[in-house]
Structure formats: structure tokens, C-alpha cells
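All chains are identified by letter, namely A, B and C, in their written order; residue positions are counted from 1 within each chain.
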Amino acid sequence: MAKVLLDIRDLHVRFNVYGGSLKVLNGVNLLMYEGEKVGLVGETGCGKTTTAKSILKILPVPPAKITKGHILFKDRDILKMGEREIRNLHAQEISMIFQDPTAALNPVFTIGDQLMEAIKYSSVHDGLSKREIYRRAIQSLQDVALPDPARILECYPVQLSGGMRQRICIAMALATRSQLLIADEPTTSLDVTIQDQVLRLLGVLVQEKETSTILITHSLGIVREWTQRVYVMYAGNMVETAHTDDLFERPLHPYTQGLLKAVPKLTGEGIAKGIEGRIPDYLNPPKGCRFHPRCPKVMAMCSKERPDFFVRGNNHLVSCFLYKE
Amino acid sequence: MHPELALRWEKIKKSWYKFSKNPLSIIGASIVLVIFCIAVFAPLLAPYPEHAGSFVNFEDASQPPSLTYLFGTDVFGRDIMSRIFFGFRFSLTMGVVVITLAAPVGITLGLIAGYMKGSFVDTLIMRLTDIFVAVPPLVLALAVCSILKPSVFNAMMAVSLMWWPWYCRMVYGISSSIKNEFFVQAAEVTGSGKGHIIFREILPNCYGPIFTKISLDMGWVILIGSALSFVGLGAQPPTPDLGTMVADGGKYMPDQWWIAVFPAFAIMFIVLGFNLLGDGIRDMLEVEEV
Amino acid sequence: MKFLLFFSRRLLHSIFVLLGLSILVFFIARVMPGDPARMALGPRAPETVVEKFREELHLDKPVYVQYYYWLRGAIRGDFGRSLFTKRRVSDDIREFFPATLELMVFTGIIMSVAGIFLGVASARYANKWPDNVVRVISYLGVCTPAFVFAILFLLVFGYILNLLPTIGRLSPWIDRPAQITGFITIDSLIAGNFTAFWDGLKHLIMPGIALSLGPMAQEARITRSSMTENLQRDFIALERSQAIPERVIMSKYLMRISIIPTVSVLGLDFASQLGWAFLVELIFNWPGLSRYGINVMLHKDLNAIVAVIMVIGLLFLIVNIVVDIVVAGLDPRIRLGAERSK
């Protein structure tokens, strides 16, 4: 029986802005076991990155505020931890790959500076010597198939291509030997030809190091190839979760169904169909189920209450009144 | 309503809404409005309008601020407040004239140079601006003014002469980066004349930075103008110019401090107003750092 | 190697600009109506003497010939004779320039150090009261011309409170230390004369601070916005998630990148203060190049005017090159921009 690694329960996050507050996360739930490759899929702006940053507690806290909920990592609530504990946690156990590798690297420091600093603080207990840190840095660059690692350590981010920068970010994330890796759209900013390479590489590495991974993306294609289980997110809520194959074969939530219909296919009907309407205004979100204004199967009760999760098969949960007993 | 006009109107309404949400911008706009009103209606608003010219009343000379003379009087017995009101006229005139002269010239040259980037014309124009910006603006203005006969008119000419390069450079930056955009190439391909491309395609992209700069510049030009008068190279006595008043008052410091201090604050007031307004416009039009 | 290329290009460009500037000013000066020779010698000098003087100044020759003579002299450091002080202009400059330089260096140090410090403090306590106070004061500082500050300081600290001296560089009862650098402060330290040092410093305070307040406010604002902007960036979040201690992030990783815009602006701000120095030196009777410049300008002393402008232009150019070098040193994106390997 696999152990639970991460358990997010009813997470509410809001951002205080000039005109009011944006209720960005509205009760997010996510469960993850050790060794899994879980996908988190949803439109741009639905709160995926906010969820990721909450797990790492790197939300910009003055505008952002976690108002409710628990994030249990190995049975310890991250949200209740003190500053120092969280630092250790980050160093040893959780790491993240950001969407834009150019923004994730400090432009005025060399790759070597940043990579070795990360290694230094992640293994501060091991008491590594400078030489050892250097060696590990070279090793981690080799792991991501970067040629001439010694030269790269001397380079600045501006001298490298986008694909190389992302590999470096991956190397940084994995050099710290963490248990949980959160990859936030790691290939979105790359050329299509490179995307495949990087994903493959990531898959191999994650396998080798037995790192549990959350892959955040808006691409269903990537999810299908890469993940074992998927969470579908809409406007700050999880709406459906299932094993990947299950989700694609039997999408239950109207939103998921809409997403799948929106993907153009070579067979079948051919023409893709979008979902009517737009994502809600987070200042004044719709009451009840946040998808109800756009839902083709909307019912009266959808605008009154938010639906619970209803079980519909092996690890297949859906948050929709259509499936209420 | 014509659809394009309707769109423009929507944009204007949205921009105004954004502008009005920022209290500082409103303060800036109000200050500028007040200054304009005072300048235009000076003869009506000033308590002693005749003091603005050559007027002497030695009985009331060098009076500290009081109820009769709110800002006090100078050594000739002239009411400082009235003179400041009339002084606004000169300041604003200077600002308006200089910008009216410098901006079109600078903008046009900048557009041309940017569009023809890499050509001889570009090099010529930009090298010329380089020469003008090699020296701090005030220094050049002082030098040119000193060579000509001191007067308000000459001061305005001198400042205009060294102000246009800044517009040129700013517009050049935008123009040269835009000229490779698709819509410009499209216009070229469809046979639009160079004039059309420059003024109807590229120029509208510069409106934001230009308006912001104009608003901020008003304050700076007035400042430089007052600096010139301070040294005696601008307005001549008995014209009530803020800079001249500060200079005159300087001689009587510290005893009759009000003669210099109130005009100095008036200058600050003007610059503050235009700065706030300019910042507000910049935020409203979401212009990047000019 | 690349650096040398960059440097020599800038140098060439600067020389060109200086030449262009000299031509511009020279021609404007010569275009002025009136007769310089007559003005120098006064209305009572006999015509023959004026005629001879006119020949000496090459005023009878065409303008470009005059320029040639001027250029020939200028390269050798001879800017002719001042019609106002009757001395060689180069001597005048040599006498007055160090005073202005000392004032500007003092101003420069204060405006950068204090400006950055205030900006950092402002960013650190963003949106809390220290930040708001600094922001309001900075705004007023940017809007107020240096000469207004100068007059206010004169009034408050000079006359009312009688704390600081109001005229010149050194109190009349103190002997000036031997001239080595021309800086009273440095020279007195070298000579071990602390009274002179202290006195010189006291004289520097009011004009220096009056000149530095505007740019200081500007630097504070830019530093603050640069820091708060960078704090939102992903690389800071990444560094936090890598358990790098907060103080290391702040002092090392945030600092270096946030300071770049501030330093870029320093050059320009310094230059604009060179302009305001003309007024401030006048107000405090500071025996510097700017006060000399104003005087010669008011007396239409053409040789001196041109020379003063050239010196100031040169100073400005040097400061700009230095700033560019520092910025390129700080920011690899600028240094290595050409080497991009996409």
C-alpha cells in the first residue's frame, strides 16, 4: 500500500488587490502517493501555479493570503510550520521547476554560482566541501545531457538557449535529491521540437531518482503521455480526478468533457469545439459551482452550493451534482 | 456613431476611469488646472493687479505677510502674491511655447531617423542630438542665452533649441524598434508613401510616451526658465517672473525672507503639479519608463 | 578584448561629440551681434588699438579660419585670453575647476550612498510607514530645484540657526593647506591639518546637500521600484525554495540586479546637477567653475564661455563612460549581449 506523500485539504487562497480581493483558490483538494506521476491540468489562470507556490510557501505573502486549509506533507502540516522548518523542508524534500527558465535564473550571476549555491544549501547537513559541491554540480549537468558542463558553469543565463536553461533548472531541481518535484509547465516556453526531448529527459530522471512528481500543464497531450493520474482544475477548484487512461476514456465532469472536445483530432468529427463563455471574475466569482454559468448541463442547485466529490470508480472522483446519488 | 470613433471613445472613457482612481493624478490635474486659471484670470484674481508692472509704493515696502498683503511686499512695495499670479503667465507661456516648438521638430526628426535606421539620414540626425545632449541642458541654455540679448523671447528660443533632441531620442527609440513590425511592412508592401507610414502608422504608437513626456516637461521647462531668469538671462525687471523674484529676494535674505521664499514655493508648486499629472498620465496609458 | 573594442568605440564617439560641440558653441558665439574686441577694451579705447586687437583675435578672418585657430590652441590647452579676467582662460579654469570638482564629488557620494540606502530601506519596509514617508519626501525632492533648497538651507541653517557657514570654501581665518589635489578636504588630510579639513567640510555641507537632494530622491525611487519589482520575480522565489537564507538572497542576489537601473541613472543625474551647480555656486559664492562660467556668460566673454562648456562637456562624457563601464560590469546581459548563442 503506497504511502501518502502530499495531502492538500480544502485550500483557500486569496489575493488582496486594489479593488478588493481575488478569491483565487476556492477549496483545493489534492492527494498524492509516493512514487507517482500526477498531472494537474487546467486553463491558464485557473490557479495551478498558485497551488504549486502554496505547497512551497513561496507565494508573495503581502498580496496573497492563505485563508483556510491544510497542506500535509508526510503528515506534517506545512501551513503550520515555522520559517526554519519550512526552509529545511524545501532544501531536503520539495523542489520546483518554473514555467519560464529565463525568469527563473538570476541574470547577473553565473550558472555555477546559482547551481552550487542550491546544492550547498540543500545538503548543508552533509557538510560538503567546495570541491564536492563542484563535482555534484558537474554531475547534475551531465544528468540532464548538457555537453561541456564545466564551461556552462562559467556562463551567464543570457549566453544559453531556452532549452539549455530549462535543463539547468531541471538539474537544479533534481540535484537536491528531493522527494517531491513540482514541475510548472516546464515545456511551455520551449520550441516544440525541444519540448519532447525535455519531457522525455524529465521522465527518465524522475524514474531513476524515484522522485514523485506533479506535472502542471494546460496541454492534454502531455498529460496523456506522461502522467499516471490526473487532476483537472477550473477556476480555483479541482473538478475531477482519475487515472489518466480512465479520464480520457470516461470524462465525467462537463468541463473535462468540454476540454477533450476542444482538442482537434485526426479521426472522428475532426472539427474542435470550444467551451462557451469565459473564466470567471475572481473578484466576484459565481456562487455555488464556479463552472455553472458555462455548463451545458447546468441544474438549479448548481448555483446554490458547491458540489462535493462523488466517487465513480477506482480513484475517479468528480465534483458535480450530476453524479449525486 | 462611426465604429472606429465609438472604439476610441470607449478607450478614452476607460483611460479616464483609471486616471480618476489614482488620487495623486487628480491632485496633479487639479494643481495644473488651478495654475492655468490663475494665469489666465490673473488680472481678475490678483488682489493688486497693478503691482505686476512698474509700480512703487515705498510706504508699504518690505512688509511681512499680513492680511492686507498675504505674501508680503517687496522692496518696491509691490504685493508678492499678485506678482506671483502674473508670474504664472510667463512661466506657462514659456512652457507652452518651448514645447510647441521643440516637440514637433524633435518628434518628426526622431520618426524619420528611426524609420530610416542605418541610413545616412539616421546617423546625421542622431549625431546631431548626441552633440546637444553632451552638455547638461541648463548649461547649454545658459550659454546660448548669454550670447543673445537677455529677454523672455530669447530665453524661450534658447531653451527650445536645446530641448528638441530629447524628443528626438525618445521617439527614435520607439520608431526604430517598431519599423520592423508587421503592420509597417504591410503598409510598405501595399505602396503607402513614407509620409503616411511615419505619421499614420508609427506615430500613433508613440502617443503614450509623448503625452507623458509633454506633461512632465512642462514642469522642467518652467524650472529651467526660472533658473535662467534667476541669473538674469530671461525675463527682465520689472516683469514679474518667478525666477527673477527669487533672485531679487535672495539679496534680502534672511530678514525679508518672504520676498524669495514665496516665489520659490510657487515654482515648486508648478513642478509638483505637472509631475503628478505626468505620472498619472503615464500610469493611465501604461507607458513603460520613459 | 571585447572590452577594449567597446571602450575605444566610446572614446572615438566622445571625441567626435566634443568636436561637434565645440563647433556648435563656437559658431553660435561668433554669430552674436556686437564686437567682442570693442567690448573687451571698452568704449573709450582708441580705434587703432581696437583694430589691432581685432586682428589679434583673428576677428577679421572668416569664421572657419577663426575656428581653426581656436582648435589649434585648444588641443594644446590654450583657450585664449579671457576678456573678463584678462588672464589666460586655461589659468582661470585651472584655478576654479577643482572647487567645482570637489563639490560635485561630495554631491555625487551623498546622492548615491544616501539614495541607494533610502531606496533599500523603502523597499524593505514596502507600504509601511517608513516607505511612505520616504516616498513622499522623495517626490518633493524630485520636484524641487536645487537652488530652492540652497536658499532654504541658507536661510535656516545659515542665518536663523547659524550652524553652518554661508560663503565660500573656507573660513577667512583659516589658512589654505598646500595644493596637491586642489581638494581642500583631501589636501588638509594629507597635511594633517584637521581644523582646515573640518572647516572645509562644513562649507561643503550646505551646497553639497542642496545639490544632492534631487538626485538622491530620484535614486531612492528607482532603487525602491527596482527592488520591489525584482522581489516578485521567479528567480527570487526559486532561491527561496532552495532554502537559501533570506539575508543572503537580499544582500547578494537581490542587490546586484536591483542596483543596475540606479547606477545607469547616476550618470545622467550627475550631469544635470552640473547644470544646477551654476546657480548653487552663485548662491553660496563658491569659487568654482560654474560661478566663473556664469560670470563670463553674463559678460559675454566668448573665449571663456566656449572653454567652460568644453570642460563641462568633457567631464560629463567621462562620467558617462565610467557609468557605462560600471553598468556593463554589473550586468552580463549588456557585456555579453553580442555573444548570444541561440
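Here is the rule we use: a residue touches a chain if its C-beta (ideal position, glycine included) is under 8 Å from a C-beta of that chain, and two chains touch if they have at least 3 such contacts.
Computed from a predicted model, the values in this text were never measured in an experiment.
Student: What are the two chains with the top count of C-beta contact pairs?
Tutor: B-C
Student: Relative to subunit B, which chain's C-alpha centre is the most remote?
Tutor: Following the centroid criterion, the farthest chain would be A.
Student: Quick one: subunit B and subunit C, Cα centre-to-centre, how many Å?
Tutor: Comparing mean C-alpha positions, subunit C is 24 Å from subunit B.
Student: Cα centroid separation between subunit A and subunit B, in whole Å?
Tutor: Their C-alpha centroids are separated by 52 Å.
Student: Which subunit B residues reach two or more other chains?
Tutor: Expected reply: no residues.
Student: If we count contacts the way the header does, which residues on subunit A are in touch with subunit C in the complex?
Tutor: Interface residues on subunit A, with respect to subunit C: 53, 56, 58, 60, 62, 87-88, 90-91, 94-96, 98-100, 103-109, 114, 117-118, 121-122, 124, 156, 158-161, 169, 172, 176.
Student: Over in the complex, which subunit C residues touch subunit A? Could you list them?
Tutor: Subunit C residues touching subunit A: 126-127, 231-235, 237-245, 253, 256-257, 260, 330-333, 336-337, 339-342.
Student: Taking the complex as given, what residues does subunit C use to touch subunit B?
Tutor: 13, 16-18, 20-21, 24-25, 28-29, 31-32, 139-140, 142-145, 147-148, 151-152, 154-155, 158-160, 271-276, 278-279, 282-283, 293-294, 297-298, 300, 302, 305, 308-309, 312-313, 316-317
Student: Show me the residue ranges of subunit B that touch subunit C in the complex, using the header's touch definition.
Tutor: So the residues of subunit B touching subunit C come out as 127-128, 130-132, 134-140, 142-148, 219, 223, 226-227, 230-233, 246, 250, 253-254, 257, 260-261, 264-265, 267-268, 271-272, 275.
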